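Naming follows writing order (A, B, C, D, E and F), and every chain is counted from residue 1.
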Amino acid sequence: MRPSGRTPDQMRELRFEPGFTRHAEGACLVSFGDTRVLCTASIEEKVPPFLRGKGQGWVTAEYGMLPRATHTRGNREAAKGKQSGRTQEIQRLIGRSLRAVVDLKALGERQVIVDCDVIQADGGTRTASISGGWVALRIAVDKLLASKALAADPIRTQVAAVSCGIHQGNSVLDLDYDEDSTAGSDGNFVLTADGAIVEAQLTAEGETFDEEGLLRLLRLARIGCSEIFQAQLKATGR
Amino acid sequence: MRPSGRTPDQMRELRFEPGFTRHAEGACLVSFGDTRVLCTASIEEKVPPFLRGKGQGWVTAEYGMLPRATHTRGNREAAKGKQSGRTQEIQRLIGRSLRAVVDLKALGERQVIVDCDVIQADGGTRTASISGGWVALRIAVDKLLASKALAADPIRTQVAAVSCGIHQGNSVLDLDYDEDSTAGSDGNFVLTADGAIVEAQLTAEGETFDEEGLLRLLRLARIGCSEIFQAQLKATGR
Amino acid sequence: MRPSGRTPDQMRELRFEPGFTRHAEGACLVSFGDTRVLCTASIEEKVPPFLRGKGQGWVTAEYGMLPRATHTRGNREAAKGKQSGRTQEIQRLIGRSLRAVVDLKALGERQVIVDCDVIQADGGTRTASISGGWVALRIAVDKLLASKALAADPIRTQVAAVSCGIHQGNSVLDLDYDEDSTAGSDGNFVLTADGAIVEAQLTAEGETFDEEGLLRLLRLARIGCSEIFQAQLKATGR
Amino acid sequence: MRPSGRTPDQMRELRFEPGFTRHAEGACLVSFGDTRVLCTASIEEKVPPFLRGKGQGWVTAEYGMLPRATHTRGNREAAKGKQSGRTQEIQRLIGRSLRAVVDLKALGERQVIVDCDVIQADGGTRTASISGGWVALRIAVDKLLASKALAADPIRTQVAAVSCGIHQGNSVLDLDYDEDSTAGSDGNFVLTADGAIVEAQLTAEGETFDEEGLLRLLRLARIGCSEIFQAQLKATGR
Amino acid sequence: MRPSGRTPDQMRELRFEPGFTRHAEGACLVSFGDTRVLCTASIEEKVPPFLRGKGQGWVTAEYGMLPRATHTRGNREAAKGKQSGRTQEIQRLIGRSLRAVVDLKALGERQVIVDCDVIQADGGTRTASISGGWVALRIAVDKLLASKALAADPIRTQVAAVSCGIHQGNSVLDLDYDEDSTAGSDGNFVLTADGAIVEAQLTAEGETFDEEGLLRLLRLARIGCSEIFQAQLKATGR
Amino acid sequence: MRPSGRTPDQMRELRFEPGFTRHAEGACLVSFGDTRVLCTASIEEKVPPFLRGKGQGWVTAEYGMLPRATHTRGNREAAKGKQSGRTQEIQRLIGRSLRAVVDLKALGERQVIVDCDVIQADGGTRTASISGGWVALRIAVDKLLASKALAADPIRTQVAAVSCGIHQGNSVLDLDYDEDSTAGSDGNFVLTADGAIVEAQLTAEGETFDEEGLLRLLRLARIGCSEIFQAQLKATGR
């Protein structure tokens, strides 16, 4: 039995609230249960220096957590003067995941910056960020299409992410904080709507695992992402 | 006529949403029209080094703005590696304002950190932060009272803040971004519910002003704060 | 009775020593009693990036304190690797105050950087900096006029600043360190020679105040600034 | 055909040179072909603050690259004033991987810091670091055992890592720089000598992959790690 | 002929103004011609961590330059967020030079921090700092002796420094900025009043030199330091 | 008798291993006994901003020490976020020393960055860096000459460096760590193959010295450098 009473392959309640803030070209508040992340997509009509004049665009991501998004207050990274290794690791993952489904040449010489700021944390903030980041990106790109700034859609397919792990000997989907902090090992899978694996990251903490276990987690991830893909479509009016 | 159609002494729609997030001892999403700030109060059972063993507590504040809270995206301070002068100025003001209504000895040897994070900005983020920060602080202290951790209430009265300025020759209350960016001069007043001035900061940009003007702005501020005090009471169930 | 034996509306001994150092286009050592600040104005024939090509100039200020300007040695900001919030707040105030009396278009595409370095501190370093900064700026601009680099004077009027506060129940002018550290509340006023208020910043520490009190402090400030304006004229040979 | 002429499941030439430097408690220069990493293990008789008094030890890792380890010179991180996200990601991975095979309680209240400095880079620096880091750790712990500072061996088993990827449609083992920079997707596997998976990180760049592909890469990783385990034993005289 | 009209072995006008500021335990404004450095000595009744409990004191130095001490304005190190290599090199030299004449055990468990801040620069700021730093240190230690905090004098002898160099083929003493910026090679000598060499640093820029030249510069340095020693004695009333 | 059994004018075993790494235009592992420094020379076809368009090149150096190059582990400068004063002092010395023998105009508008990374430290890392840095520079420039990128050799002569000091009353050459840490005073001499002094830095720690002593150390340095010059020629095939 999971602490939350969920079945092993049951996601937490999923919610995408597009338009949660109004200035960004795309914005979405995503909730995986009590984990809530504000994702915004900002379009800039220039590319970073390393891409100048290469005839392509860029998608990047930044991640942050409000100091009291967590059970006990964490120090503000802006006050400490640097982003932690964890923060950098997560924002690099979000950026790679979103770029995996975007045709950067078709995007043209512009950059989309996806900011994922965790308002409340209860496990799975990086997977919620990727899933909600796609919605923000989709909305922003739709505006470019609507305004004819773009002729063809550069987004090839949907991307979503979910965590899986082994909790008290059972493989479970979408770990919340209670499960995450006691899981023997866990992983994050980033999948596309057409069935491909974009990223898979598994870490054994205490309990190692084998092929069998890896495949079991991947199968759970497919179940979870399939649900996320549905919700993403609904949130973006498709 | 103001861009928003408001009368000179009319506040924007005020909203306090206590409990917007669940981990902090006190939390409140405050809205002054389209300006929305998440305020949380975190209680730590220790004081900063300069107060150790002095038999008193401390209240401090930190301020941040999500990168895309604004019309055009600002750089993330955590990524730049430092807080701007503006950020530091604002968080010092919030801290001083809240301390002005707290009996630090009565608080005991503990610290309350009030985090004010701007989710969406449309002018007046510092005044919304102070006003909402008080609500978060009030809720957190109420928990200390309820749990008997505190015997007597260390909060002496309410504190609220509002901006006033001269826009197209008229003195107006609670400037939004459109007014703020074109105001000849403006100021922020921090007042207590018992009528005292805690802070007054006036800056002439382009248009200087005189005693007369200063008093006119102060009178507007009294009108605005009086409305905020009402809303604060309602939000904290008093 | 004030600790220094001064009457409530009496300034400390004022001194402006123009030309205290020789490399800067304008230089002045200003003393408000034992508070001594070296102000230099440096002219650079280019503007900061955000003003390039806009046909106007800029005036900005930087503030610093020698480590042993104070009673007990403070850490060197260069060694700590960052300027404190207090330093940034002060240098922003000095810059705004000086810009308030300069026609930036008439200045042309050049920047004047006013450095205010506190050699010795005894209260009122920011007001001495503004008052002495104006002298340094005046001298530097006079050189531009003398060399015909400028045809018309971009400085519209004088600007000066002084602190006022409530000390042991009395409103007093130009607080020294002894008064400042025990004042119930105090404020800084930045005024122009033609009578306008440029900045007013009042902070209640312990004792709050009301309109009456605010106006009393403002009246004291007018007395003090009037004396400073005289001394500035004399120092710049006008 | 691979650029290097290797067969798909062929590792580059492996070399472990224990004792390459003499001050560290454990030291080893590891070569995976032209990739050469100096790994040192330093024992400190105290633990980091978060573990004080908890009756256990710690193993952590730091990673760096000499500026000209690469084809074109990279900026020195010490001169830039911060470690890149990539550096932090890698050193966190090395630390987790080594901790996975150490009984931290059995290690006692001491810390082992494993420094992995890349002398020359040709792909796979993180996998060489983990594999060579284990040798440095093994040597250092052997000294603790020899000196009776430790009664029982806290290292449970060997750990090694290798990269695999899809290069021109083929799954290949131990990618060098030429392959790595053009690989459709690749991954790093960290395995223990008793067959368990400690970490698996797969990233699709351009080409996504499926279960089939994931398992193929894992099988290659088992072949590579098995060869590394042999070489580790030889290098540590077991 | 030297640009200043001085003879090769002629110092610039030397001036020591003890008590230039009043808060520090020792203070002195030293002038070597137009080079003016404010030196203060601050006594702290504790030692840096690496000396705790070792029964000895410490003398250290910090060096800074006001932004407009120079012909063209330099960036403020506090604003840049770090001290330059040149600054660190100089402050390390000042500290070593002063420690060379202090019996650290006799000083007791206290630290003297000598701050050398350049008000105006015209060549030789580091040699003026050492020479004036000794005066500030002497004054501060005299206060410790006068107050009986110290029973015996920990300062063994005087220390002074001067620059020498080869300018247009001639060996000259105490280079000013004009000479320094065109000198073929130059050096700084730190000598004690009893004739010993504490530091010698020679750098060939363009023109290298030989033993002969080195000794010629050293003989000039002896002439200069002898004059400084006289002035130091007078300034400290000995 | 020296701890190592060497005679006073005996160098440690000298070794230059050109081509120790393969990516840099010039590379050399230099050993002065147990002190081992990897020197690489990287050629960049552009100059630093302050030299743009001036028709000349630049040679600069960076210095680092692996954390466990020393007896006890030092903190990684990249992790601390800044280079120490010692590091900066050394890299400035290396850069000046190499530039002293290069005709920067003849080098053309390109920069050579010489990185000196200490793999193992046993005293004399800066002198080994200069001596080995010249070899790396020589190899890199030889490639420019071979490829006809340069028509004439910009390197005028060889440069080498060695330390000397007074150990237990005796003047000795090329101090190792044991001697260095107990030396009464020591110095570093940078000499050219044609007999000139480029830099001389002498520091008295405890024991001061006089002309006599200075000349004795210089004579030892000539003996040591002469041996280094031979080894440099052999290493670069001249």
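Note that in this section a residue touches a chain if its C-beta (ideal position, glycine included) is under 8 Å from a C-beta of that chain, and two chains touch if they have at least 3 such contacts.
These numbers come from a predicted model, not from an experiment.
Engineer: Taking each chain's centre as the mean of its CA atoms, which one is farthest from the centre of subunit D?
Structural biologist: Centre of mass proxy via C-alpha means gives C as farthest from subunit D.
Engineer: Since subunit C and subunit F share one sequence, what rotation angle in degrees maps the C-alpha trace of one onto the other, as a multiple of 5?
Structural biologist: 120
Engineer: Would you mind working out whether subunit A and subunit D touch using mostly the same residue numbers, over half shared, or mostly different ones?
Structural biologist: Same, since most residue numbers here occur in both copies.
Engineer: Taking the mean of the CA coordinates per chain, how far is subunit B from subunit C in Å?
Structural biologist: Roughly 28 Å, centre to centre.
Engineer: Quick check: how many Å separate the C-alpha centres of subunit B and subunit D?
Structural biologist: The answer is 51 Å.
Engineer: Give me the residues of subunit C that touch two or more other chains.
Structural biologist: Residues 81-82 of subunit C touch two or more partner chains.
Engineer: Under a traversal of the ring that begins at subunit A and continues to subunit D, how are the chains ordered?
Structural biologist: Ring order, starting at subunit A and heading to subunit D first: A, D, F, E, C, B.
Engineer: Quick check on the complex: what are the subunit B residues that touch subunit C?
Structural biologist: Going by the criterion above, the answer is residues 82, 85-86, 88-89, 91-92, 96, 100, 187, 192, 195-205, 208-211, 213-215, 218.
Engineer: Can you list the subunit B residues touching subunit A in their complex?
Structural biologist: 21-24, 27, 34, 36, 38, 40, 42, 44, 62, 64, 66-71, 73, 76-79, 81-83, 87, 113, 115, 117, 119-121
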